[in-house]
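As written, the chain order gives the labels A, B, C and D, with residue 1 at the start of each chain.
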Amino acid sequence: MLLAGRFLLPQTPQLILDSIAFERDDSLLFSGICLSLESGDVLQIEGPNGVGKTTLLRILSTALMPTAGKLLWQGSDVARHRQLYLQNIMFLGHLPGLKQSLSPTENLVWWRRIHRDHSPLKNEEILGSLGLCGYEDIPCYALSAGQQRRAVLARLLVTEAPLWILDEPFTAIDKQGVADLEALLITHARRGGMAVLSTHQDLGIANVRRFPLVASAEVV
Amino acid sequence: MIFRFDSFQHFLQMDGHGGYVWSAYLIAILVMVWLVAGPLFRQSRVRQTVTRELRRETARHHSAGEAGKE
Amino acid sequence: MGYGFAAILRRDLLLAFRNRGEIANPVIFFFIVVTLVPLGLTPEASRLAEIAPGILWVMALLASLLSVEGLFHSDYRDGTLEQLVISPQPLYLMVLAKILAHWLITGLPLTLLAPVLGMMLSLPAAGYLPLVLGLLMGTAVLSLLGAIGAGLTVALRKGGLLLSLIVMPLYMPVLIFGASAVQRSVDGFSVQGPLAVMGALLAFSLLVAPFATAGALRVSMHG
Amino acid sequence: MWQWFHRLGSPRWFYQTSGKWLPWLAGITFVLLLVGLVWGLGFAPRDAKQGNSFRIIYIHVPASFLALAGYYVMAIAGAVGLIWKMKLADMVMKSAAPLGAALTFVALVTGAIWGKPTWGTYWVWDARITSMLVLLFLYMGVMALQHSYTSVDAANKASAVLSLVGMVNIPIIYKSVDWWYTLHQPATIKFTEAPTMHPDMFHPLLVMIVGFYCFYALVLILNTRSEILHRERRSSWVKDVVLQNQR
């Protein structure tokens, strides 16, 4: 049913942000954010530090509640049908939930369990495709920052969620890693998926939509 | 209704229990006065800061009302 | 619904196994502080026997309190907690899984160690069964209640002392009924009453505490 | 401009309405407390067993009442703030915590002073006093949590959750302390119980209880007002209020 909904009408907006505003401790961070995403869209949120990119992405992930405005997923209000929406998103934040004392394989096994991934892909294949061949069973604290980041990206391969929300996914990874992630994004978009990401990097992906986030003028 | 003590002296002493009774009442009254004075003091401090800010604003813009309007 | 519960339980037990040294700490703490009592008080068996029920319970409570601080800490620091909060599965069950794992690696060992320490404090023979039964249920209640405090303080840099301050008053009923069950048994009375109340406390906190903890975690993530 | 500030339960509305009622409430509170105080201290008959030390009841009992009731006020305000995201309720909750703690402190100290002539010692592990002490700990926990968050919203939400948990636990804690006390049964004289009191003693107590309720409401409103001013100090209406006062 979910799949049918996902691919049914490619040109109707799947996710709509309807004049989202966020206020913390009596000061307004941003307001009136309106956006829509269709199947196959890759959206890049741009803006200087401190403008609220992470906050906006966390609102998209429902980790934060917007002060005003609405999120609509396939036409239904996310605040009301949160469970349904959460089944359709994959959020990777600044801190992506990698357990340092576990190896990449063990982390992957735990993610597969929690995402209920039963795809026939083997753990070694997934990690190998991300360039972690030979590092599968080393505890993550012994890996470099870039390798850890790659291990985190394995998460994107074990979820069926059509909407990816990625906060600074290119941090700490090398050129090859950037290319790998871009390839992942392209494949995902071609399959009808969507991605929202924040990065300062120029993406090597055709048809990236850009959204410049500006701070609310009303901040005192 | 009658006053239960013969003299003011008696009222203060309360048959030897005066110290306890009066100290209990004194502490209670002190706490209660502090409870009322606290918010009033805080309120006046906020008023002072707002006044100071307003003065600064007027100095900057020459019109204090501007900042508050739509 | 249960897969998230099982996944978290398995992962937390695996993590605990990886950091074996850390999980032994509460148990060692329990052992050491109980050893301090005869040194500070008296080695006289009759006087130790008199205070043994209370001492054992207070120390078990402190040991549980010390360990509960770390319940959500590493998950908060590496972002796992955020993932759990936005997971499509009920947070209630996932929190319950974490608490169960915590109890299995602290409450249960404390309970198993208690008879040994009771012997060292010359606890009379009648006290052992209610001690173990009481601790078995009581440490679970302590983990459940402690989780609320841990959830509320997880985002704070210095949450440890604050956690004890907000959780200790909630621990009091557990202490009262747990210690008095042992005391009553030693004095030759029936212990069904206090143990039944302990069971009721357990059932009630099983119902309510994970719910409150889930709320507390949401608050911590928003901050 | 500040439209997000003026949702349900507008603090501004509360500030302006409460400002009109405040002088009346203050007057009534003052009269009630004064009458109760003079009546209780000078005109109520002395207790046959305890003598004049019994007069402490006129502050001890009302303070204990409000200490406990205040916790419920705080928790319910916290719940309203959590469920309906009402800022005013958050402010009421934040104001209720130090007020309740202060009244609990008064109840404890007056109880201890009363204990000296009655039991011969300041501190007895009596069920009621112990429960009052636990209540003080609960208040202190909420206040400590409130102060340790840097974000105001997070602080309010966290202390609301904690006070709700405390509210659920209070009956359990009280019952268990009661049970613990009857188990150990130390020989003590019981406090004079209200229902068996002579009417001449009871009437001033009633006046004092009502007076304390008014006092509680008064201080709660004062606290909330100062909190409102502080949090909305940048809004235009607060600036207007300040300007008006200067004229």
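We adopt the following convention: a contact is a pair of C-beta atoms (placed from the backbone, for glycine too) under 8 Å apart; a residue touches a chain by one contact, two chains touch by 3 or more.
Remember, it's a predicted structure, so these values are computed and weren't measured experimentally.
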Note: chains that touch chain A and chain B both are D
Quick note, more Cb pairs in contact for A-C or A-D? It is A-C
Chain located farthest away, centre of chain C as origin (C-alpha): B
Centre distance in Å when chain A and chain C are each reduced to the mean of their C-alpha atoms: 37
Centre to centre, by mean C-alpha position, how many angstrom separate chain A and chain D? 48
Distance from the CA centroid of chain C to that of chain D, rounded to the nearest Å? 32
I'd like the Å distance between the centres of chain B and chain D, where a centre is the mean of that chain's Cα atoms. 16
By the touch definition above, chain D meets two or more other chains at residues 1, 151, 153
I need the residues of chain A touching at least two other chains; which ones are they? none
Residues of chain C touching 2+ other chains? 222
Kindly provide every pair of chains that touch. A-C, A-D, B-D, C-D
Which bits of chain D are touching chain A when the two form their complex? 1, 4-5, 151-153, 231-232, 234
In the complex with chain A, residue positions of chain C that touch it: 3-4, 6-8, 10-11, 14-15, 18-19, 74-75, 77-80, 82-83, 85-89, 221-222
Note: in the complex, chain B contacts chain D through residues 1-5, 11, 14-18, 20-21, 23-25, 27-28, 31-32, 34-36, 38-40, 42-43, 46-47, 49-51, 53-54, 64, 67-70
Taking the complex as given, what residues does chain D use to touch chain B? 1, 37, 39, 41-46, 51-53, 55-56, 59-60, 63, 95, 98-99, 102, 105-106, 109-110, 113-114, 116-117, 215, 218-219, 222-223, 225-226, 229-230, 233, 235-236, 238-240, 242-243, 245-246
Contact residues on chain D for chain C in the complex? 82, 134, 137-138, 140-142, 144-145, 148-149, 151, 153-154, 157-158, 161-162, 164-166, 168-169, 172-173, 175-177, 179-180, 183
